[in-house]
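Report on the following structure.
Letters A, B and C name the chains as they come in the text, with residue numbers starting at 1 for each one.
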Amino acid sequence: MSKSRLAKNSIAMTGVVIVALYLLSIAVSFFWLPFDPVAMDVEHLLEAPSLATGHLFGTDEFGRDILARIMKGSTISLVISLCATALGSVVGVLMGIWAGYLGGRWDHWIMRVADVLFSFPSLLLAIFVMAILGEKTFNVVFAIGIVYIPQFARISRGAILTIKSSEFVRAARSNGAGSSFILFRHLLPNILVPLIVQVSLSLSVAILLESSLSFLGLGVQPPAPSWGNMLSGARKVMVLAPWTAIYPGLAISFLVLGFNLLGDGLRDILDPRLRNVR
Amino acid sequence: MSAESILRVEGLRTEFHTESGLVKAVNDISFELARGETLGLVGESGCGKSVTNLSILRLVQSPPGKIAGGKVLFEALDGSRRDLLAVSEEEVRVLRGKNISMIFQDPLTSLNPVLRVGVQIAEAIQLHHGLRKREARAKSIEMMRLIGMPDPERRVDDYPHQFSGGMRQRVMIAMALSCKPDILIADEPTTALDVTIQAQILDLIKSLSARDATAVIMITHDLGVVAGMCDSICVMYAGRIVEKATVDDLFHDPLHPYTKGLLASIPRVDAAASAEGSQRLYSIPGAPPSLVGMSDCCPFHPRCESAMGICRSRLPPETVHAGKGPRSVSCWLHAKEGR
Amino acid sequence: MGRYIAKRLLSLVPVLFGVSIIVFFLVRLIPGSALQMYMGTQVEATPQQMEELKRIFGEDRPVTVLFVEWLGRILQGDFGYSLRTGRAVLPDILSRLPLSLELTLFALFLALLIGIPQGIASSLKKNPVSDVINRIVGLLGLSLPQFWLASLMVLAFSGTRGWIPMGNYIKFAANPLRNLQMLFLPALAIGIGLAAVIMRYTRNSMLEVLQMDYIRTAKAKGLKKRVVILRHALKNAILPVITVAGFNTGYLLGGAIVIEEVFALPGMGRLALYAIYQRDYPVIQAIVLVIATLFVLVNLVTDLIYALVDPRIRLDEGKKQS
């Protein structure tokens, strides 16, 4: 992937810029936040956004600054999404490679497991897992990660199967290279393209899943701020104070859009099959 | 336009705007088609034969394609004459399928996979002759019988993938001829078919066009097809017509070096028995030029064994030449001026 | 066709078996036995009562036996009893299923109604500016959280009578018009993301199909542009859209769970959430099982519709039979 091609693709670049903005705000939030994101302030309940008070995005029903909570919440949301995607992709890719490379009985059973996991709508599966494991932040990672396992398994298996029969693998094998050596040396680089795209799109879905879970009270638990539980809290007061619902939602939508733009743009750049379609 | 002429193409230019530059796929082409005549348009792939004919019906994909100039004069039976490139889109649309219809190279991709063949044949009749559904279906069956489809009453409800390649092309022919067009444009109609089927399809086109006195433009890269089917021939090279002649003249006395090369590269059964039988099959050296940014020169000069200085600097003019029928050639070897 | 359906139905058996294994054993992972959870809310029990309860909860038998027994009961339609209310689970689910299904189908309908015409329109007006706008609108539709959209709708329409159900849900059978009016915004919130997906797929599929030789053939016949697009192009372009729409219907069902909560609709989603809040595992198990089964069936129906629209698939099966 050449730098110039990434720069030329305005869709992907927009995604990069958006994601970078969030990363910047996270970096800033470690050193400075406009207010304490968890401290209640009974004198400033549900204050409208205003420059004078310094509450740029207003305050919530406990008088907490919404901007500070959004900034703090972006760390939590992003870390959960990254960890969940990492978990799902690593386990899924290993399963897929294993199934695709070994074939036969292994392939059959691993893919049946993936089929079964695929039989649950993703949000339902995540909710179910949270219900079993209990509402702890770490469990959110697991609940979302499990949703991704079959997706990554299918993608990597498909890629492996197409490459497996190709000449260069046979050549490596005839030169006496061992199975695991072949796998990681030759095959992995070749399935990276679909995986990179899938990771980017998965991050966007992970953010949505995390916020949905937190919104339902099954994800990140208050008082720790997450965008989802901020919106959950806002439900009772949003008619009085619409800003409590608007800004956290915008924060989610904008970051998800960023990952979607990135993934979509990367697909254009990296997938030569699609390059000429649009 | 001569009395019995039905179609005259004058100075047609079609260009494609691509990433690597402007491609002049059809570059100043003129020819004339008489009523009932079969004209062959011959050349290597990529020389602009198909684009020429898509341009006649304004079916060039745009973008990237664009008809940049010229006229396509069509004379209807009632004597009215119009330039198809100048009239409204609606006016051309009504002519398509009714007065001028087309058969394409690959019958599998040219037939809609999700529509029954009967429906696809009937569409044009329904549209142009205002038939009702049932009448159109009856007409479809009649057309399928005409093109030699066994058991047409049953097969009219089948889908394209249920037919063999040859039968699919017959369906295409039935579709194209259903409205008894004045002109049939056949774009490489046998290229995608088995050799054994090719002759059958060509015979079918020949007999049906003769029956209705349909003029045919036969696009092909295969001179063998031309020899058996056509009255006259245009040889195309790199977006231009380099030689026009009747079949007799062209085969017995080719003038352009490219035409000569083409003829020499046909395997001949009779030649094998003659003295030069052991000679290797001729092939024209080099490859067709890229059509991007062509300058003023004879497009064939890089591959031409008789190339001269002038060939590299000036485009050869079209020169009328004596023959049994009307003929002309664009080559400095035969030019009467400017040498 | 019949044999095709039978074959596909048969292939669902192992998948559903796997689903039931997961549903059963995941719940077993929960620390503490079902009995302890049950007892958590009850007063003290005598040792004899405890023995009796242990027998009822099956704590005296190995887990595999319990699984077989459980599966056997489920196959007979006995999904167990709620730990909280003591009522049979299945009737409760069945009484709430219609609303969730209606919401899902309504959302699917809206998604198709918005997505397909938009996709066609944008495929016909292809230029760099509209391309980028279409892509961004499509991605934006994917990026808005459903529950947030729903919240905004509640915010925007809370003053307008009749559009926000909020506790006075009216059944379709009682008053179809009022029912549809109430479900319109929730369905829109659920379906708008899918509408964006369908728009993109329709558009890309149309762009691909419009390049096909048979479109040129159709044009060469002199057909009107409308006929070329609707009869020749759309019928082919719709094929991948069917797959995507079907595959996503299950996700709509998942989305319905959250949206029901926002709009206070008494559907299966709310039942599930309260079961989760109250740790009512038999109810959770049953709901997950029902939704997963529905999801698998929807995918089957999608394949069948696909086969109906694409004659090539149907006949490939026919050839195998003969």
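Following the convention adopted for this analysis, contacts are C-beta pairs under 8 Å (C-beta built on N, C-alpha and C of every residue); 3 or more make two chains touch, one makes a residue touch a chain.
Not measured: the values here are computed from a predicted model.
Contacts between chains trace an open chain of neighbours here, each touching only the next in line. With chains reduced to the mean position of their C-alpha atoms, the one farthest from chain C is B. Across A-C and B-C, the chain pair carrying more C-beta contacts is A-C.
One inter-chain figure worth recording: chain A and chain B are separated by 56 Å, centre to centre, where each centre is the mean of the chain's CA atoms. Chain centres here are Cα averages; for chain A and chain C they lie 22 Å apart.
Between chain B and chain C, the centres computed from C-alpha atoms are 54 Å apart. Within the complex formed with chain A, the residues of chain C that make contact are 14-16, 18-19, 21-23, 26-27, 29-30, 131-132, 135-136, 139-140, 142-148, 151-152, 154-155, 158, 204, 207-208, 250-251, 253-255, 257-258, 261-262, 272-273, 276-277, 284, 288, 291-292, 295-296.
Residues of chain C that touch chain B in their complex: 211-214, 216-224, 227, 231-232, 235-236, 309-312, 315.
The residues of chain A lying in touch with chain C in their complex are 10-11, 112-113, 115-117, 119-124, 127-133, 204, 208, 211-212, 215-218, 231, 234-235, 238-239, 242, 245-246, 249, 252-254, 256-257, 260-261, 264, 277-278.
Residues 54, 57, 59, 61, 93-98, 101-102, 104, 106, 109-115, 123-124, 127-128, 159, 161-162, 172, 175 of chain B are the ones touching chain C in the complex.
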